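Presented sequentially are two complexes of subunit A, the first with subunit B as partner and the second with subunit C.
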Partner chain A sequence: MPYEVKEEKGKDGRKVFLIQKENFLELMTDLRKQGYDHLSLITAVDFRDRIELVYHLQKSESNFELLTVRTVTYDSTIDSVSSIWESANWDEREQYDMMGVVFKGHPNLKRILLPEGWVGYPLRKDYDLSKNQYVNMDDEGNDRVSFDPGDGW
Partner chain B sequence: MKTGDAGFITTTLENVLEWGRSNSIWPFTFGLACCAIEMMATQASRLDISRFGSEVFRNSPRQSDLMIVSGTVTKKMAPRLKRLYDEMPYPKYVIAMGVCVIQGGPYNQGYSVVMGVDRVVPVDVYVPGCPPTPEALTHGIMLLQDKIRKREGK
Partner chain C sequence: MGPQHPSTHGVLRLKLLLDGETVKNVEPVIGYLHRNAEKICELDYYCDSLIYFDRMDYVAAMNMEIGYLEAAEKLLAIEPPERVKWIRVVMAELNRLASHLVWAGAFGLDLGMLTPFFYFFEEREKILNLFTEICGSRQETNYMSIGGVYQDFNDKIIFKIKQFLKQFPKKMEEAYSLFIKNDIFISRTKGIGILEPEVALSYGVTGPMLRASGVPYDVRKDAPYLVYDKLNFDVPISRGKDVLARCIVRFEEMRQSVKILNQALDKIPDGPYFNPKAKKSLMIRLRGEGDVYARTESPKGEFGVHLVGDGTVKPYRLHVRSPAFKNLSILPYLSRDVLIADMVAISGSIDLVFGEVDR
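Coming up: the complex of A and B.
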């Protein structure tokens, strides 16, 4: 392989791959070719100075054998895998919404749960919970977010 | 058998209207979270709320009288809830079902949850619980009926 993959065993003996961010897309493309046809989940862990992304892949032909892929980003950007697995589209939007990870090459990277215009990313460690945000909607159904308690709920 | 006695009852039109309204409360399907499962159980055959005239859950705000807000009201949902409430014709009633709807419940001080639906729409009956049992919701509907008939709830 043209890139280096560190392999380790998880607590329950499952395979875990650690990969450099630069070679991440290459590895994922190869894994898809090896039969990992189901992207089970994408999640992210905030370590303040870096964000670790965790991908769970499954192989449907061998009883949904699970493989975990971990990668680390220091600038909150990572290559999108939505061209490899269609389901990554919404999973990546969720991580963008909650963690602020920017997926490069994503076809429609916008918030999926929170309304457009929300300030900050709620699952980050540095998110300020003391400042309440209020949501209102105009006649066309577009959300409006403000810090003013009189405008919205 | 005809006896010749003219049997009649006197009442006021208002009483008749109240009696009619209280026995034909059509709820609006407003399941937002897990409380909706208990609301469905209330509507189903075991604790059939059609006994109180509320059997028809309408999916349109124009055809419903009662909004059972069952489930966590998020800040994103609140403006939509308000609009749907505004689209309901008078007379209209609201039941707040579950602690999330009453004051935020386990999501109290959460960043994305409205601390009580009474900040958005006026509430007639509060049904506490997490989730309330179908019996509790049935009791809530009976309290609402008493309220419509201007009687003190037991």
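Coming up: the complex of A and C.
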């Protein structure tokens, strides 16, 4: 393999691959070719100075055994895997929405649970919980987010 | 369509692009029930997060609690006693029945059948009455705790569950025949929403949806948790791949749940109903470090919890793999070039619960 993969055991005994961000997409493409056809979950964990991305993959041939791939990004960007697994589409949108991770090459990267125009990324550790944001609807039926309670609140 | 519409099961908004009656494109808009349970859990003790899980899939609260506890107990290194594991299996399967009954009732309504709804909800009400007696609450039960359960089972409860199980299969088959022996129902569901297994896997679809496409993935069998490896049951699959197949698979799953319950009720061993290391006064001091991923089989599919601890009394990061969220993501694919009424049947067959999709 042209890149280096560190392998270790997770706390609960599952297999974990550690990979550099530069080789990440290559590894994922290879894993898909090796039969990992089910991407279960993408999690981003905010460690203040860096964001760790955790991918849980499963192989349908061998009883859906679990494989975890971890990578670290310091500038909140990572290559998108939505061209390899369709399920990454919504997963990556969710992580963008909650954590502000930008997935390069994603076809439709916009917020999924929160309305467009929301300020900040709620699951970041530095998110300000003391400021309320209010969602109203404009005449066309689109969401409008503001810090001002406005009418009806 | 939506956010308030009788056939969207809560608050789903679908942006439809139509050509006459034919759906050309669907864009689901979700998030109307979003309250960011993951953030709230980060601000709470490990033992307090459970009530937010009750409110995720509110028709299957027990399965949600088990999903969280599988992860939390691994992280905190607390093993529940044997008796607790069996009690949890009983509660999980009862709640699976309740959840599938809700689905069946609502699915009938989607297709314009009012009668089955009453049959299914009558049975569900009996299960909820059992829950009331065991945990004091109907839906959001908050029954389990780290390392145990809040109330022990007694002989009276076991007798009552057995009594319920005696009459349940007959009632269920009666209501099932309203579905399966109905020509209109068959013609509304057969051949609609065909989902090939490769596509389903790529979209991350799990649960009855995936099994109806012919992939026998059930976490209870493939990665057994609790005591599912000591129980004898089958994983029903269908090769029909359509809406009808999903319906048949769910009903067969109910029969398997009854089978599991009958075995488990006889096998509950004696012993303590909580782990003394996690009794109430010590619970808020539990600390965990590292990260774990636990998957369980909820009525909707693979329910996963990724939990990261940093050595304090609160979780550092908690992420939930919501099966309904993943299953919903396939709706745009399935609804291309179908009639609006068929799209309602497809979205009904996904079994959506918006507490879980939006979290």
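As a convention for this text, the second predicted complex is superposed on the first by the 150 of 153 C-alpha atoms of A that agree within 3 Å, B and C clash if a C-alpha of one lies under 4 Å from a C-alpha of the other, contacts with A are read in each partner's own complex, and residues count from 1 in each chain.
Heads up, the rule we're going with is that contacts are C-beta pairs under 8 Å (C-beta built on N, C-alpha and C of every residue); 3 or more make two chains touch, one makes a residue touch a chain.
Worth saying up front: this structure is predicted, and the values here are computed from it rather than measured.
> Please indicate which partner A:Asn89 is in contact with in the superposed arrangement: first for subunit B, second for subunit C, both, or neither.
Second partner only, subunit C.
> For A:Phe64, using the defined touch cut-off, is the partner it touches subunit B, subunit C, both, or neither? Pick first, second, both or neither.
The answer is second: A:Phe64 touches subunit C but not subunit B.
> Would you check which partner chain A:Tyr134 touches, where first means subunit B only, second means subunit C only, and both and neither mean what they say?
After superposing on A, A:Tyr134 lies in contact with subunit B but is clear of subunit C.
> Have a look at where A:Asp46 lands relative to subunit B and subunit C in the superposition and call it first, second, both or neither.
Touch partner of A:Asp46: subunit C, not subunit B.
> Is A:Leu114 in contact with subunit B, with subunit C, with both, or with neither (first, second, both, neither)?
In the superposition, A:Leu114 touches subunit B and subunit C alike.
> According to the stated criteria, A:His38 is in contact with first (subunit B), second (subunit C), both, or neither; which is it?
It touches subunit C, and subunit B stays clear.
> So, A:Pro122: does it touch subunit B (first), subunit C (second), both, or neither?
Both partners.
> Which partner, subunit B or subunit C, is in contact with more residues of subunit A?
Counting contacted residues of subunit A, the larger count belongs to C.
> Output the subunit A positions appearing in both contact lists, the one against subunit B and the one against subunit C.
On subunit A, the residues that contact subunit B in one structure and subunit C in the other are 113-115, 122, 127.
> Where on subunit A does subunit B make contact in their complex?
The touching residues are 113-115, 122, 127, 129, 132-137, 143, 152-153.
> With touch defined as at the start, can you tell me which subunit A residues reach subunit C in the complex?
10-12, 14, 37-41, 43, 45-46, 54, 56, 60, 63-66, 68, 85-87, 89-91, 94, 98, 112-115, 122-123, 127
> Once bound in the complex, which stretches of subunit C touch subunit A?
30-31, 34, 36, 38-39, 42, 74-75, 198-199, 201-204, 215, 217, 219, 222-223, 290-295, 302, 304, 306, 308, 316-317, 319, 321, 325-326, 329, 333, 358-359
> Give the list of subunit B residues in touch with subunit A in this complex.
It comes out as residues 75-76, 78-80, 82-83, 109, 111-112, 114, 119-120.
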